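Okay, so chain A shows up in both of these, paired with chain B first and chain C after.
Here is the complex of A and B:
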């Protein structure tokens, strides 16, 4: 899974969905997948909402991720629809755990992944400003979103460096894993955060003036369609 | 936001973001263990211990009132977005403010106060387990429907009502243990490199 995030786009193309729609999608999918029942209307809602990220992944041309995700979710959903219903006892518990780990956590993650891959930091900040969120919330949030890919990248680099110097162990204990892998990544993050804040200063983020921007953010037809689908799902979820 | 010494600067905001990202990654990796029913209960303790490390590094960067609170708010918002019970946003804000006030008594410099602060902050994780105790029947019913009867029965058996108090204490202790762990890491690595 290739993870990269852009600060801004030079071509002038817009994000697939408005950041606000994307956030609504994450919230709704999260609520339905995390707390939904495994039978009746809610099961149908679960199937629908876990397929939204798959469709979006196809639209943004990440075919490989989309296919893998689709297959995973299809298997899990079939498992939840059949095996979980007919088994009982400890076998049931095993099925619930296996399918639960996938179906209750992954869809929100994939939706967030979609959101991060088609939204730029600039667009995110603008849409947050439109929602009148205070800057001491939006700045940490946007840094946070930008930072998830960085962490995985730094983690990879640390592993590679360890391999190169032949210091990696075959089976590190938990404390060793924490110390040898976490600490270097954390140190690197401290350094990056210093650099980031300097970069932000030079871009004038510390000023009290209103921020100007060139990216276009706003609802389009696809946003309205998406919002209607999501709100219908949410309404049905709450009623049933 | 201006650059006075006693107010929140952009640099602080960025620090919050960086460590929030770190905290969440570690938190999520740890919380996958929660799928074993017994572990779900002690999840907050476990997460408190492991997450103590980034938390302590963050505390070493905190120097004005508000940073820890905002950290808490972001945790709560994130949990809300990920579909966790909405209780966690309340506990996250409350724990954030409490830890912030506590740290303020040490002017954000005392490391032993930061260790206790880590214990206080870790209490926000109780928000995720709270529905199990407040509104128990409804929660167990929804668990039974969502995760199956077996899961709910096991869960009910291992969590009598009084265990909540025990859990609060354990989480607090877990947070302090995490804080001590973080303190050791800070001392061993960060101080040496002159980064904390």
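Here is the complex of A and C:
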């Protein structure tokens, strides 16, 4: 699966969903997938909410990722609906663990991935401002936004460099390898954030005056539909 | 007009053990820069040119900690006393590293960013962006992800984002150190445009050739002092000998030596060959790429790979190292036919950004990591030898990340030696290096050849090629 995040629009398009809707989606999907039971209404809610990221992935034309994700979730959901229900004992435990690892953590992660893919940094800043979030939350979070793709790019370079160090006799353990690869990625991140803040300062970030923005952020029909679906799911989830 | 009046500056940093370190960079330095002038600051690493740039854009004293005496004025503003966002309206900055100067991920937002921060009307901002877009010919770069642009394209966006707010003064801190020839050419065009608009431009730079017939005044700095002041005319006519004696890079991009096909042929005959066969690779656009039916590189010699397109060169290096999974082809080496993806066992690449390839806690560990042996004694011995070759024995217990850029590069090269791989590839080893360090790199490369390695240098640095290359292979004809 391709996990590189490419945040850009062609022809001045707007984000698929308003950042606020997306954040709500992450929260609701997270709550239902992590806390939901495997039977009754909650099972149906789980099936619905884990399919939302699949649909979004499809809409933003990440067909390969969407298909892989869909197949994974479909298998897991079928497992949870059948095998987990009819087995018992240690076999049941095996099924619960396998399906649980996928279904309880992956959907909200994929939703966040969608969010990062179709939202630009400035759209995010604007929507945070609209929610009256204080700037000491908005600025670090927007930097994080900028950082996900940066880290994935740096990580790729570091992993290539590691490949060149591979020797046939010495085999570093997995933890050792992870440590080796983490050090340069972290050092680079520190350096990049240092240079980034310098650049942002010379462009007047932090000015007391209110910022303006050229991107259009606001709720559209699709946002209202999404919010209604999400809130209904959440309400049903709380009631049952 | 910019005035730097009797400025002394001392950086204050803390080392890894929490000790305070004070480093005086400028002492009682004065400089007047006239309106509309294009001033070039050059000199070895640590000569104080970047500090001067930071004084003008206000990062000193607003971002960097240190002791500042004297003051910097732009027109009637006292830069050193006002908040940096006031300075931002007057002074635009282009930084050294194209990828680390964008707050946004998409290009359009970045162009708008500075104007948005100033609270300008969105309609005006869009109009300004459209205008800049036209005059900088950026339409194909709009609405793109920053991560899909080349270094040169990023630097064009950086310049354009400054043009949107249209400041009177532009300062550039080593803007070409990560650019290829094409990127540098584009930057030169932008400088010409700005100069014609009457902007005051200050550039701190090692590489000088692209400033020929453009600079109005050149200051050569050393140890925080101006050691030589040249007018534009004097600068244009500096010979290679003169620039070498001033310890600055050449003004002309010309080869002193001759690098023809004949040199290559005689090397191939005397040293044996490494044959790259049927290499083919296509970029994700499916159109452009590299196709090499048969390329012979001489063994145990120093080959420079040149070509106009930076992208092609680095891609070739990655293919040859076996890092490019999608590349197909084989290499005939010592009578064996090795598929490209197995070349990682034979090749070691010293990357352009050497920070990516230093993993451990000390220089010694770093070198030991690449030695293919489980025997402690053999490892120690080999590591010691490698460190001796590169003269970094005194650094053996230090953390690689605490070293200077040049020292890091030496550590990486030492790893290459210790790994016992036959081919060492260096990707732009002298980008962003001053004259002194460039010569140092050349000496190291010569040593590698003496050790029996085949050294392949991807570069467009004519001075480096003059200093050490034995032959030149042009990549141009292999690009599609």
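One rule holds in what follows: the second predicted complex is superposed on the first by the 219 of 240 C-alpha atoms of A that agree within 3 Å, B and C clash if a C-alpha of one lies under 4 Å from a C-alpha of the other, contacts with A are read in each partner's own complex, and residues count from 1 in each chain.
Heads up, the rule we're going with is that a contact is a pair of C-beta atoms (placed from the backbone, for glycine too) under 8 Å apart; a residue touches a chain by one contact, two chains touch by 3 or more.
Remember, it's a predicted structure, so these values are computed and weren't measured experimentally.
Enquirer: If you stack the two complexes on chain A, which partner ends up touching A:197: first (chain B), second (chain C), both, or neither?
Expert: The answer is both, since A:197 touches chain B and chain C.
Enquirer: Would you sort A:101 into first (chain B), second (chain C), both or neither based on which partner it touches?
Expert: The first partner, chain B, only.
Enquirer: Which partner chains sit in contact with A:166 here, chain B, chain C, both or neither? Use first/second/both/neither.
Expert: second
Enquirer: Return first, second, both or neither, reflecting whether A:33 touches chain B, chain C, both chains, or no partner chain.
Expert: Touch status of A:33: first partner only.
Enquirer: After the superposition on A, what does A:61 contact: first (chain B), second (chain C), both or neither?
Expert: neither
Enquirer: With both complexes superposed on chain A, which partner does A:189 reach: first (chain B), second (chain C), both or neither?
Expert: first
Enquirer: Report for A:132: first if it touches chain B alone, second if chain C alone, otherwise both or neither.
Expert: After superposing on A, A:132 lies clear of both chain B and chain C.
Enquirer: Which partner does A:209 contact after superposing on A: first (chain B), second (chain C), both, neither?
Expert: second
Enquirer: Looking at the overlay, what does A:121 touch: chain B (first), chain C (second), both, or neither?
Expert: Only chain C; A:121 stays clear of chain B.
Enquirer: Touching chain B and also chain C: which chain A residues?
Expert: In the superposed arrangement, which is not itself an observed complex, chain A uses residues 142, 145-146, 183, 187, 191-192, 196-197, 200-201, 205-206 for both chain B and chain C.
Enquirer: Given the complex with chain B, which residues does chain A contribute to the contact?
Expert: Going by the criterion above, the answer is residues 23, 26-27, 29-39, 84, 88-90, 92-93, 96-97, 100-101, 105, 108, 135-137, 139-148, 150-151, 178-179, 182-183, 186-187, 189-194, 196-197, 200-201, 205-206, 208.
Enquirer: State the interface residues of chain A toward chain C in the complex, per the touch definition above.
Expert: Listed in rising order, the residues of chain A that touch chain C are 4, 6-12, 120-122, 142, 145-146, 149, 153-154, 157-158, 160-170, 172, 180-181, 183-184, 187-188, 191-192, 195-207, 209-215.
Enquirer: Okay, in this complex, where on chain B does chain A touch?
Expert: Within the complex, chain B contacts chain A at residues 1-3, 8-11, 13-22, 24-26, 32, 35-37, 50, 53-54, 57, 61, 66, 70-71, 73-74, 77, 80-84, 142, 145-151, 154, 185, 189-190, 193, 195.
Enquirer: Quick check: in the complex, which residue numbers of chain C touch chain A?
Expert: 57-59, 62-63, 84-85, 87-89, 91-93, 95, 97, 99-109, 112-122, 125-126, 129, 143-145, 147-148, 161, 318, 321, 323, 344-345, 347-349, 351, 353, 355-360, 369-374, 401, 415, 419
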